[in-house]
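Please find the structures below.
Okay, so chain A shows up in both of these, paired with chain B first and chain C after.
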Partner chain A sequence: MFAFCTDPSTLPQWQWFACYLTTGTHFAFYRSFFMVMLLLAITAPIALGMGLLGAMAVRSRIWPVSWLGKGYVNIVRGVPDIVFFMFVPIALGQGIEWVFHHINCPDWDQPIRQGNDFIVCREAKVPAPNAPAWVRSTYAFSMAVIAYALVFGAFAANTLYGAMQAVPRAQVETAEAYGMTSGQVFRRIIMPQMWVYALPGLSNIWQILIKATPLLFLLGIQDAVYWARELGGQKTSLYTYPHPDWRVWYFLVLLSFYLFLTWGSERIFARINTRLSRGQATAAGERLRKAAA
Partner chain B sequence: MTKTPLTLAAAIALVASGALADDPVRIGTEGAYPPWNFINDANEIVGFEIDLGNAICERAGLTCEWVLNDWDTIIPNLVAGNYDVIMAGMSITEARSQVISFSENYLPPDASAYMALDGTDESVIEDGIIAVQSNTVQAGVVADGNATALEFPTPDETISAVRNGEVDAVLADRSFLVPYVADSGGELVFIGEDIFPGDGVGAGFRQSDNELRETFTEIVLEMREDGTINELIDQWFDESMGRF
Partner chain C sequence: MRSCAESLNAYILRALGRDWGERLLPRGLDITLCDQVVLIASGLIWTVYFAALAIFIGFFLAVAVAVAKSSENPWLSRPAATFVFVFRGSPLFIQFFFFYSAFVLLPRAGIDIPLGFVTLTVQTSALTTAQVGGLIVLVLNTTAYSAELFAGALRSIPKGDLEAADAYGLSGFTKFRRVVFPSMLRLAWPSYTNEAIFLTHSTTLVFLSAFPARQQSGEAFYYARYFVDQTFNPFIGYPLVAAYFILLTLAIVGLFGLANRHLNRHLPQAHRPRVRFRPQYIR
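Presenting the complex of A and B:
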């Protein structure tokens, strides 16, 4: 990085650290924090969408839809996250390849499963065998997003379902008395009001999602925790910057990062809560009304 | 324009052969096991196996690319087809040979050694607590004996466990431990006798992938003969590592 970094073993301490903290691996470490935040930014809206669909499915009067929604919410919530994170990429990856194999290579005469091996024809490989590295990392990242969205969507669905039920019955009755259809009641009365009841639950899920991001490493993505462990471990003189076991310092950085992230989001949730409580028939809404009066 | 007929012929030949010759061969490695395979400060995968693998690919006329994978899932991801070869300091053992197949070994059976803090009594080998990396030949050795095995997912953590007194000693490939002993200034020492588990280190392949395995075996045997592998061993290991 700096001109004086050519022979680190002879450097005074501050220059040594300046060089050490700007190595290729350290930049990968810094980038991994942005990757974690990118994952959160992409996953959260998708999980919320899945949750909304799930909650609507559970409420549905068409029984197969309601049955599907209940199945999704209950099964996914009941299985340990870690199992899903290992299961989804493998099952989904092999499922996609299996489908492509049957579409693209109908003449293939060998079995897909040979002993321990899972073999599909070249045209069915996802990503393609000659895919560049960025395609492979995007694929791995998308798998991660799907796995997270599936798991956290189920929790969000349950929270949103509860919130929909919590909208005061009197409001719904009034809407019905005005002659609104059930679709109109849902869109005009339940949807706008349910968020204030959903918010505490959703903020819980969001915090758990933040804390679950280190599971990314299970999916073969080098996240911040992977790099902290890799960089913090003792480095012998095989490396350019040998050092003893420094994991405690690297983990301290992680700790601060995650604390900062949860602290920041807690503040944002508090603001949203105030905004949503305005004009609501809840204790918080009543307080706001009195404060304004 | 004179090139066209040639390219066309080449394209037909490629389609006829079924697979595209320019598909890269993907080699999976752990990237956490210096000096075999590790990530250097410039964020490149380097080490003995990287040099060797690239040399093999060059002789075979293959394009190779390296894939990092966690040690514990390195075999499942091979058989699932996420990469085509494992070169990760993996000893050839009977248990592993039931799931994957190996090329001829590209390193002779390597000594495993016990490393402990200076002053540790040798008897801990018999009845102490020994750190090992999970799913290694060393883990099998300790599990078969009287000593208690404490397993860690990465090699680095086994060293830390010795340093902070969590275990009495670590059992690992001697070649992996040598730099730690050398750098510790007497704090860490080898204890007891070396042992020789496993049948040497080889490249792992899917059992259905005979063609690629035979290509590797052929070139490995050639390199054992002509001294290429010994030269690479000189470059990456000290004299305790055996030669061909």
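Presenting the complex of A and C:
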């Protein structure tokens, strides 16, 4: 990075650290923090969408849909999430390959599961065997996103369902008395008002989602945990930058990063809550009205 | 191929170490369904060990931290609040890594603390094992989460109860033991039940993080993962471990429900808060 970095072993302390902290692998470490943010930014809207669909399914008057919604919410919430994080990417990956196998190689006569192997024809491999590295990592990342969205969608569905039920009944009845259809009631009355009831639950889920992101490491993705272990481990004098076991400092950085993230989002949610409470028929809304008057 | 009885014999206590059954775990094509059922069940030994001990020790610490957190003395409340913030605000997974890498830095021979007349040697080598070090992290974590629940309950103790205690001339520790503590426990119990469930589920992270599974003795999810890695078939091991955890969860709900009935026995029937299973797994 810097011009004086050619021979680190002769450098004074501060220059040594300046060089050490700007190596290529360290930049990969810094980038992995953005990957955490990226995962959060992609997963949160998808999970919210899944949650909205799930909650609407649970409320549905058509019983197969409502059963499907209830089944989804309860199964995902009743089983440890980590099982889902490990299960979904493998199961989904094998499922996709299985489907492609049947489409692309209909005349393949051997069974797919041979003993402990899962064998599909070459054309059915996803990602393709000769795919570039970025395709592979994007594929692994999207599998992780799907697993997170599935689990957190179920959490969100439960919260949103509760919030929809919490909208004052009288308002719904008034809307019905004006002759609105149930779709109109949902769009005009329930949807705009449910958020204030959903927010405490959603903020909770968001905090849990933040704290679930290091589990990416278990899916074999080179995230912050991976780099902290790699960079922090003891380096002998064979390396350009030899140092003893510094993992504890790297994990301290990670710990502080997550503390900052949860602390920051708590403050942001408090603000959104104040904003949403304005003009609402709740205690918080009443307090805002009195303060303004 | 082994019969089911042979698997049961070979692996039901295997989680305790290689002297408690077959030395080697079943591998590759040798794995039968019974092996998976039995070995994952044997992993439950450690799941229950971690969960039960962490909940038990954490309970007492959490009461202390909650009282400190709601104290008016800033020298008590500030450190307690910081402790709760740090352990609730960061992922348990990172906490495991952090504490493990801190524990390995301690000298293996133990730390000598000279007390003048006698030198105390603190054993540190056990801290790098999951059974001790991992348990410590779990205890600290559940202490923080439960302390937050208990502190919330302390804030919502009915004012009348406290005034009645004052009127009876109770004060200090007697007031705490007779009035404050039982009310706090009663109010916090439903959420505390959920906390116990989350903690049980998060024991799956112990062996997934830095702590080594010596002699391949791990908890249930460790074995489920082992089988999935061996057979490349996620449709047996993971559903099995999920089923075991659902059973454990039901057992916790049952046990804590009994305690809840005991705590609320003085209240009229209709007012008893029911324990509701509201899971929220990741920490």
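Going forward, the second predicted complex is superposed on the first by the 293 of 293 C-alpha atoms of A that agree within 3 Å, B and C clash if a C-alpha of one lies under 4 Å from a C-alpha of the other, contacts with A are read in each partner's own complex, and residues count from 1 in each chain.
Methods note: a residue touches a chain if its C-beta (ideal position, glycine included) is under 8 Å from a C-beta of that chain, and two chains touch if they have at least 3 such contacts.
Being a predicted model, the structure only gives us computed values, none of them experimental.
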Task: Room on chain A for both chain B and chain C (clash or fit) - done: clash
Open item on the list: Quick one: is A:Gly115 in contact with chain B, with chain C, with both, or with neither? Answer first, second, both or neither.
Closed with: both
- [ ] Examine A:Ser9 and indicate which partner it touches, taking first as chain B and second as chain C; both and neither are also allowed.
- [x] neither
Open item on the list: I'd like to know which partner A:Thr236 touches here: chain B for first, chain C for second, both or neither.
Closed with: first
Open item on the list: So in the superposed three-chain picture, is A:Phe155 touching just chain B, just chain C, both, or none of them (first/second/both/neither)?
Closed with: second
Open item on the list: Once chain A of both complexes is superposed, is A:Asp245 in touch with chain B (first), chain C (second), both, or neither?
Closed with: both
- [ ] Could you look at A:Pro80 and tell me whether it touches chain B, chain C, both or neither (first, second, both, neither)?
- [x] second
Open item on the list: For A:Ile90 in the superposed arrangement: first (chain B), second (chain C), both or neither?
Closed with: both
Open item on the list: By the touch definition at the top of the document, which applies to A:Phe27: first (chain B), second (chain C), both, or neither?
Closed with: first
Open item on the list: Quick check for you: in the superposed arrangement, does A:Ile208 touch first (chain B), second (chain C), both or neither?
Closed with: second
- [ ] Please write out, lowest number first, the residues of chain A touched by both chain B and chain C across the two complexes.
- [x] 90, 94, 115-118, 217-218, 229, 245, 247
- [ ] Sort out for me which residues of chain A touch chain C in the complex.
- [x] 77-83, 86-87, 90-91, 94, 113, 115-118, 155, 204, 208-215, 217-218, 225, 228-229, 232, 245, 247-248, 251-252, 254-255, 258-259, 262-263
Task: chain B to chain A touching residues, read off their complex - done: 18-20, 22-24, 32, 34-35, 38-44, 65, 68-70, 77, 79-81, 99-100, 154, 156-157, 159-160, 163, 179-180, 182-183, 206-209
Task: chain B-facing residues of chain A, complex - done: 23-25, 27-28, 90, 93-94, 97, 114-120, 122, 125, 129-130, 133, 217-218, 220, 222, 229-230, 233-234, 236-242, 245, 247
Open item on the list: With touch defined as at the start, can you tell me which chain C residues reach chain A in the complex?
Closed with: 28-29, 31, 85-86, 88-95, 97-98, 101-102, 104-105, 201, 204-205, 208, 221, 224-225, 228, 230-235, 238, 241-242, 245-246, 249, 279-283
